[in-house]
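Below, subunit A partners subunit B and then partners subunit C, in two separate complexes.
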Partner chain A sequence: MYSAFPEPAYQIAVYREPIYWRERKGRYRLVGSKCKKCGELWWPRRVSEVCPNCHSRDFEEYEFSHEGEVFSFMQDSVPAPLMGMHVYGRDRRIIASVKLKEGVCIMPTELVDCKLEEVKEGMKVRLVVRKLRRANNGNWLYGYMWTPIKE
Partner chain B sequence: MGRKVAVVGFGSMDNSPEARRKDDLKSWRTKIADAGYDILASVDKGMDPKDIQYIVTNYHGEASVEGGSPAEIVDALGMVPTGHSLITDQCTGSGTSFHDAYTLVASGLYDRVLQIGWDSRYDILNRADKRCLQSNVDFDYHLGFDHYHVTDMANYFAYKYYGKRDTLEALVTSIILRYWYVNRNPRAGLYGVPCPIKKDEMMSLLDTNEEEFWRRLPRGLSTDGASGVILVPAEDAKKYTDTPVYVEGVAQKNTPNYPAWPMHYPVRKYSWPSVTNTPPDKFDFLCSPAVWLSTEEAMKRAKVEPKDIDLNESPFLIFTFLESMRVCPRFGAAKFIIEGETAIDGRLPFSTYGGADGFGKASGADWSNGCVEAVIQLRGQAGKRQAPKHEVAIIQGVGGVGGMGAMSATAVLRGG
Partner chain C sequence: MLGILGYGYFVPYLRIKVEEINSVWRNYPISFLKEKLGLSERAVLQPNEDVITLAIAASKSAIKNSKIEREKIDALYLGTCTNPYDSKPSATIVAEALGLSPYLMCGDVQFSGKSGTAAIQICMGLIESKMASCGLAIGSDALNRHACPGRLFEYEASAGAASFVIGREEPIAEIEGTCSYASDISEFWRIEGDRYIQSTGLSSGSPSGDVYPMWEVGYVEHVTHASKSLMQKLGLKPEDYSYSIFQQPFGTASRHIMGRLGFTEKQVKLGTIANIIGDCGAASALLGLANVLDSAKPDERIFVASYGFGGGSDAFSLKVTSHIDGKRPEVPLKEILERKELVSYADATRNEYKYLQDLNPTFL
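Right after this comes the complex of A and B.
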């Protein structure tokens, strides 16, 4: 189906570009938040700028490790016509959670450049930035994904 | 705790299969009004719309419905200038609106409060948004993830802790039970639809052709919905009906909505694994702490033990909910279902009205549909699906995806 229509001309959902722009550091470089008062790390970034731990509102950016290990994984079961709303041209993705050395877990996220049968819990992966889809204005959007680290 | 509170009216819009086929011909305003006047008509000794002192309603929220302003809803009900609070709390919204309606009566502020949970598929601004915006909108959604992907991950953890075969056998068992219940409930959306699967065939398919297993597995019914209750102080209940149902306890709890939060959330207010009776090395996505906390609090307020509860009228079959009620051991819910304990003659009949997937998944009305069934059961008016024991019922609902249910509302009701 999607070989015939790799990039649908219409979009069912409404995407708002300011959200992409605001969260670009997280999506490209895994930038979250660090509470300056208690030192806790937060992923995703604390958009509200309130630390649930100490209630401080004083934060700084923290770039998380770009390497981690697979905590859980599953083949995407969402039918292509539905999935196509978000990610054009790719079917049966490998959905996973990835644990970083800071202890933070990224989920859901996507494993690329490997087959399902090659994936194992604890497999080392590193962050890559790949194309997601086009925004309403035609620009390509990118986001983080994970690829196996070849020993 | 304030005043004791009773349910004296209950009802819903027409949920029958005939009405479902005409869902798109009616506005959400009509459906709210249909529910409101059905609830009023159910008050045995009568209640005039002018007697309603306050209204609490809810819908899914976010991109669900346009024009859902509080004033428009009161006007749709023909009840201006009555006060009204409009709540959005996703799939547990009507539990939260019930909670708030309860507190308004228990506090002594109002004596007659109308509560309605509602939702409409046909009037939403954007159907895709409604489906998607249940996860973290800043990351997951834009990275191409939505509710279904989180369900995929839930399967991963369910297979890990319950075993794949037991998880899917419990799923098949619950679907077959769903059809048993809906075919005894003329108000259910799937009423009259025969169950299309047999357990032995499905489990055999799982071994031989898993793709076919998934193809044959019946999906839930997505519908519009509007339903609710009238709450009054218990001391006034007999003025309105000879068979009131009493609200013994309510609770509502929230946890973060980021799906992976249980794996790393560093706030130590609670010892999260112990909250959920889970070994720390197994505390992850499938733990639903909000469910455990709201269930525990509602049961504590109601002064009931799990053994006292006869009915579970929750809209969703959440494994951890059965475990949080401690009717089965942790990671024992799949076996509990497989062994028939959620059937009408089992230890804890579950969703005797058909549940969200059989009655109709209406999001904002999911919890209140279960609550209406609890009232019907506790009054002994459930006909062919009447549970043999029906003194105490519990209703629990979840919404959001963080830790398999970021928000949870629970209530315990007792027959008069």
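Right after this comes the complex of A and C.
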């Protein structure tokens, strides 16, 4: 089945499995970094764990809220293959930036399970985990996307 | 008191009507599909959905509704027969996405249509033996990816997930007992490396023609044995139950089995969802149970019997408690089933990878 799936397995750089593993918490449930001293938040997680404000090295994991609102959105008509989202059958994706309660914007990210006409700026959305694309070694890579909260 | 602490569900957004499939193949009369099988629509997966994403969405809702801290969960079993990976656990991806503690007993359970209820039984056993304090049992299936185009199975094979938190503290429904019956039978199967689920073919005794071969010795025999044995063990009669839910490979399946066990149309009606969404495999009986729990009142008894081809059946007897009122999901399953977008047959087959090309992906 490896070669049978139509999604391309990009083999452009180095072997990336350790990177996927290190970033898994951020990809699945928006775990970023928080400075314990001054409370500054980072998304994605801060790799060099030094706070630029207070120069503290005291960091902890911080899980961002899984609900936010649409800050801006657009329809992507030309699939961008290396954007980190897979393309097969999804040539009219809704790409958005999502503002979380913490004030952090997640972008670019994808809105799913809705039509373009339904999307409005300020619309409440919720995090869902979907397949992003195939990893370099051919297995599936899962990560966050957003779906409208309908009440 | 061992029972269900909370539940959640998820069904895909896209649907296809049986008329749309029939307009391509014209292989069965519409009256047969709609009236005899009781089918109307089935779910279609998007390319970015699979068993794992369905399971994650259902479990997130289940943990939220149960109002327990996710760190307390120390067992997770994912029941599925259409696992995206043959030799890698999907349960670890689900656990990581839910943010559960890594000190976790977890694994994938495979018993075709009763994988989900088998996962519940495993969690029950672990909690009863005090090996775990709280467990998450998930039934999630994407049968539509594995239904051969042009076969009757294509009209009913659907996808969905239901997730249950099993534990002791303040359950919304107490599990009074469970009983299983299993034997070796090959009416449906998918051999390693195979794309499509195959079946033995026509059966004269089946109410649905070749969609459910060996109906009498498979579904009827196993469900009857498990159900009767459970009721005998607990000293209960079909009249004691307010609702009964059966495995629903097609819309009228519960109606065919209810008479043999002494249940009535009134008991079966609320737990029947296959007439709206089709056969959800491991989630089939569990989605029916979720639909019943959405409106069940305290002290009502619920009977659940699942069936997995291959074959075996798990029967459960549940009693709803007074804790249910604050722990129902925000959006009832009925409303979620109404949120949909209908797609064409071409879109459905493309989304479900029925048009696979044998290309080297490196050069795409």
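Some observations on this one:
One rule holds for everything that comes next: the second predicted complex is superposed on the first by the 126 of 151 C-alpha atoms of A that agree within 3 Å, B and C clash if a C-alpha of one lies under 4 Å from a C-alpha of the other, contacts with A are read in each partner's own complex, and residues count from 1 in each chain.
Basically, contacts are C-beta pairs under 8 Å (C-beta built on N, C-alpha and C of every residue); 3 or more make two chains touch, one makes a residue touch a chain.
Note that the coordinates shown come from a computational prediction; the quantities given were computed from them, not determined experimentally.
In the superposed pair of complexes, A:77 makes contact with subunit B only, with no contact to subunit C. Residue contacts after overlaying the shared chain place A:99 against subunit B, while subunit C stays out of touching range. In the superposition on chain A, A:130 makes contact with subunit C only, not with subunit B.
In the superposition on chain A, A:116 makes contact with neither subunit B nor subunit C.
In the superposed model, A:50 lies in contact with neither subunit B nor subunit C. Between subunit B and subunit C, the partner in contact with more residues of subunit A is B.
By the touch criterion defined above, A:40 lies against subunit B but remains apart from subunit C after alignment on the C-alpha atoms of chain A. Subunit A uses residues 86, 132 to touch subunit B in one structure and subunit C in the other. Subunit A meets subunit B in the complex at residues 12-15, 19-20, 22-23, 26-27, 40-41, 43-44, 47, 52-53, 71-78, 82-83, 85-87, 93, 95, 97, 99, 103-110, 132-133, 141, 143-144.
Within the complex, the subunit A residues that touch subunit C are 1-9, 11, 24-25, 28-29, 63, 86, 88-90, 112-113, 115, 128-132, 134, 138-140, 142, 145, 150-151. Residues 13, 46-50, 52-53, 56-57, 84-85, 88, 93, 96-99, 193, 330-331, 339, 341, 347, 350-351, 353, 355-362, 364 of subunit C touch subunit A in their complex.
Residues 126-129, 132, 136-146, 148-150, 152-153, 155-157, 160, 214, 258-260, 263-268, 284-285 of subunit B are the ones that touch subunit A when the two sit in their complex.
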